[in-house]
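Order as written gives the chain letters A, B, C and D; numbering starts at 1 within each chain.
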Amino acid sequence: MRIAISAADAAALIPDGASVMIGGFMGVGSPDRIIDALVARRVRGLTVIGNDTAFPGVGIGKLIDAGCVAQAKLSHIGTNPVTQNKMIAGEIEIDLIPQGTLAERIRAGGNGLGGILTPTGVGTVVEKGKRIIEVEGRAFLLELPLRADFALIRSRESDYNCNLTYRLTAMNFNPLMAFAADCVIAEPDEIVPVGVIPPDAVRTPGILVHHLVERPR
Amino acid sequence: MDAKELIARRVALELHDRTLVNLGIGLPTLVSRYVPHGITVAFQSENGIIGFGAPPPNGMEDPHLTDAGGGFISALPGAASFDSSTSFALIRGGHLDMTVLGGLQVDAAGHLANWMVPGKLVPGMGGAMDLVVGAKRVIVAMQHAAKGQPKIVATLTLPPTAIRPVSLIVTEMAVIEPTPEGLLLRERAPGVSVADIIAQTGADLLIIGEVPEMPVAIPNEDAA
Amino acid sequence: MRIAISAADAAALIPDGASVMIGGFMGVGSPDRIIDALVARRVRGLTVIGNDTAFPGVGIGKLIDAGCVAQAKLSHIGTNPVTQNKMIAGEIEIDLIPQGTLAERIRAGGNGLGGILTPTGVGTVVEKGKRIIEVEGRAFLLELPLRADFALIRSRESDYNCNLTYRLTAMNFNPLMAFAADCVIAEPDEIVPVGVIPPDAVRTPGILVHHLVERPR
Amino acid sequence: MDAKELIARRVALELHDRTLVNLGIGLPTLVSRYVPHGITVAFQSENGIIGFGAPPPNGMEDPHLTDAGGGFISALPGAASFDSSTSFALIRGGHLDMTVLGGLQVDAAGHLANWMVPGKLVPGMGGAMDLVVGAKRVIVAMQHAAKGQPKIVATLTLPPTAIRPVSLIVTEMAVIEPTPEGLLLRERAPGVSVADIIAQTGADLLIIGEVPEMPVAIPNEDAA
């Protein structure tokens, strides 16, 4: 059992310049309270790994708006003109990664793999600087694992053991990221006693979680 | 019928019973309104669900349930949700029967560019590269030309999405199939001549015999 | 919706000499009724991909006893002396694969990956004949995808759409194999109407399943 | 106290609070009986569960719930189940704090052989290779010698399980830690002399000062 901490205390664990995986897809399933606390404490120089920057004022978009982010690895920024403008202005360095490759690289990082071979990106700008490996006459890109200092996870429920559940499309990258960071902080909507979540309903085993944010008040 | 509706209704005729289909954001999403009667299609959204339906009634929105564009959707009975690696296992692993994507350009070999305009628009590829590599059939649904410039071109001037050719191009003027011999003009839109199509196309077209008029699906009130 | 078929009809789909992935771990979570039907129809020359051959008379062990198997790719055979004797006698060709590598190879096969890099097996007999790829100075084995003609899946429930659930340690390799075969046959303990299994409880989306075996009578 | 019990009770002292531990089949499984009071350990079984407990009462066995050896177990409140790829993500990805494995041989460099005897016994490696590569600490729990032959040897004569050295060797005679300088004799069993250990060991041992007697954990009635 762990002690739940406030979102502000969670944000205080994350130093300027840290690399941070943040769950969510267009803001759905993003840890909003930790994000708000990071903005409030004016964190600077983050490297963010996530699917997208949602919209201005939404999800990871809030960190972009507030100037917290120096670098980001994402699959798209098309819905957030602030991100695009900051990229063009040279204020944020953006690394665009195909969405399936992003998922596999994060999974490889949490899984102890040295990399994965994917056909995605072969013959495109994505292959730049990467090794191409042929298997049975077909070309694949060697894509390397991604890890981060922190993973910020939004879950539907947590039990006192930090076993996590997710709801519908709010799951997305969250369970992958929970394996791939040195410090995993989960922000649940609800905290329930041990035994309330059946073993088969758990999507992230609690042993992966280092800190739990208290339930919303 | 405007251009987008025409395209969506033609693409809908490519749907087959008991298949898994992914619709890109924007125009492709409209296809779900025209699923032919008697056909059951499961729609996947790459953010993690199979079996989603129309936007919910006002006040019924669930913040945990959106499409890949962030818009509220509903879940149909028998839906299944999953994480992003499983979602792309479906896409890259060959389990997706068809994807419908928007396009900026398609070239004579059927190569698609749909994710950036260098120096202007850099939205990112999202799931598009995986979809073009992995789906069994890739259908490009796009307007035939943009600002008077053909979008079907001899050679891409924009960065390609993948080196795999797409399966079919559907525009408001024509249905065109990339083949090893070149772009085959299969159908023309109602009231559009072959000469009109050639004039608006930046690549050579193969024309074999009479080019039939494009059929379209009728709206399906039951569909998503 | 699909029509449920009998276990005998399912077994009849599988020709002699087919490659077959079979879920289960020491027989737990193995599709017992399809296995019994395969034995009954005296199938021959199968290539089996699974974790183990359990015990004589249990799970995949039944196929070994009955002489149905020509080749097998497994992580261990230590609990089944029949398998060991048949291997020593040259009646079955056994390829031993580390368990985590077996899981990743099956996953890669179902996932459209060209392979994965794993540290497991480096410097052991497992590396024989494989490419060694260095990433940031560390050696990894390139392990290639595994696929099969058929996957035989044991599930706890199926709905009419073939969405599957699993129970506890009976899950094991089943959800991985459901992605990695040309024809997937699921054997559920129960069949329930569409809508009874919540979307978040589904572990194998029904779209992956080609044939469903009727519930036990 | 027989040899196996002694080994299990010494290994139990290596358990730390709030850690994830995998116990191999056979002797290592006994360790769960001796978890020290006040320490909470989560046990993983590689067939797909964290948080399992003692075998269930007669008649309460669930055919869907066994350990990696196929024996019935129970699930503790707060358990989590998962598929085989997730199980090895935990193991290979560095999320497992400790594994306890049996051994056939360990050499002077700490290399373990525990999965086959060519021409005699070919059980297969199961999860052992992944466990030795991935667990933060690898503890070998084995008898010091077999049929009068040392199991701790200068060089392996059996095929290695991995090239990564193990963290600690616990036998009924001694506790030995592989270090870059060689095998360090850390403890001796009650009533066993350093000379006895050297006589039964096939590799050189580093002996620094007085070698203390091995402490052991007491049985924990609450433990699995």
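Going forward, a contact is a pair of C-beta atoms (placed from the backbone, for glycine too) under 8 Å apart; a residue touches a chain by one contact, two chains touch by 3 or more.
If you're wondering where the values come from, they're calculated on a predicted model, not measured in any experiment.
S.K.: Just to be sure I understand the contacts, which chains border both subunit C and subunit B?
M.R.: Under the touch definition, subunit B and subunit C have A as mutual neighbours.
S.K.: When you check each chain against subunit A and subunit C, which touch both of them?
M.R.: Expected: B, D.
S.K.: If you tally contacting C-beta pairs, which comes out ahead, A-D or C-D? Let me know.
M.R.: Higher contact count goes to C-D.
S.K.: So how far apart, in whole Å, are subunit A and subunit B when each is placed at the average of its C-alpha atoms?
M.R.: 29
S.K.: For subunit A and subunit D, let me know how many angstrom lie between their CA-based centres, rounded off.
M.R.: Taking the mean C-alpha position of each chain, the two centres sit 35 Å apart.
S.K.: Please report how many Å separate the Cα centroid of subunit B from that of subunit D, as a whole number.
M.R.: For subunit B versus subunit D, the centre distance works out to 55 Å.
S.K.: Could you check subunit D for residues that touch two or more other chains and list them?
M.R.: As it turns out, subunit D has residues touching two or more other chains at 49, 75, 81-82, 85, 88, 91-92, 133-134.
S.K.: If a residue has to touch 2 or more other chains to count, which residues of subunit A qualify?
M.R.: In subunit A, residues 104, 107, 111-113, 118-119, 166-168, 171, 199-200 touch at least two other chains, as defined above.
S.K.: Return all touching chain pairs.
M.R.: Every pair of chains meeting the touch criterion: A-B, A-C, A-D, B-C, C-D.
S.K.: Of all residues in subunit A, which touch subunit D in the complex?
M.R.: 107, 110-113, 159-161, 163, 179, 194-195, 199-200, 202, 205-208
S.K.: Which part of subunit D faces subunit C closely enough to touch in the complex?
M.R.: 45-49, 62-70, 75, 81-85, 87-88, 91-92, 122-130, 133-134, 159-163
S.K.: Any idea which subunit D residues touch subunit A in the complex?
M.R.: 20, 42, 49-51, 75, 77-82, 85, 88-95, 133-134
S.K.: Can you check the complex and tell me which residues of subunit C touch subunit A?
M.R.: 104, 108, 111-119, 133, 135, 138, 140, 142, 144, 165-168, 171, 199-201
S.K.: Which subunit C residues qualify as touching subunit D in the complex?
M.R.: Contacts found on subunit C: 25-29, 51-52, 54-55, 74-79, 84, 87, 94, 96, 98-104, 107, 118-126, 156, 166-176, 203.
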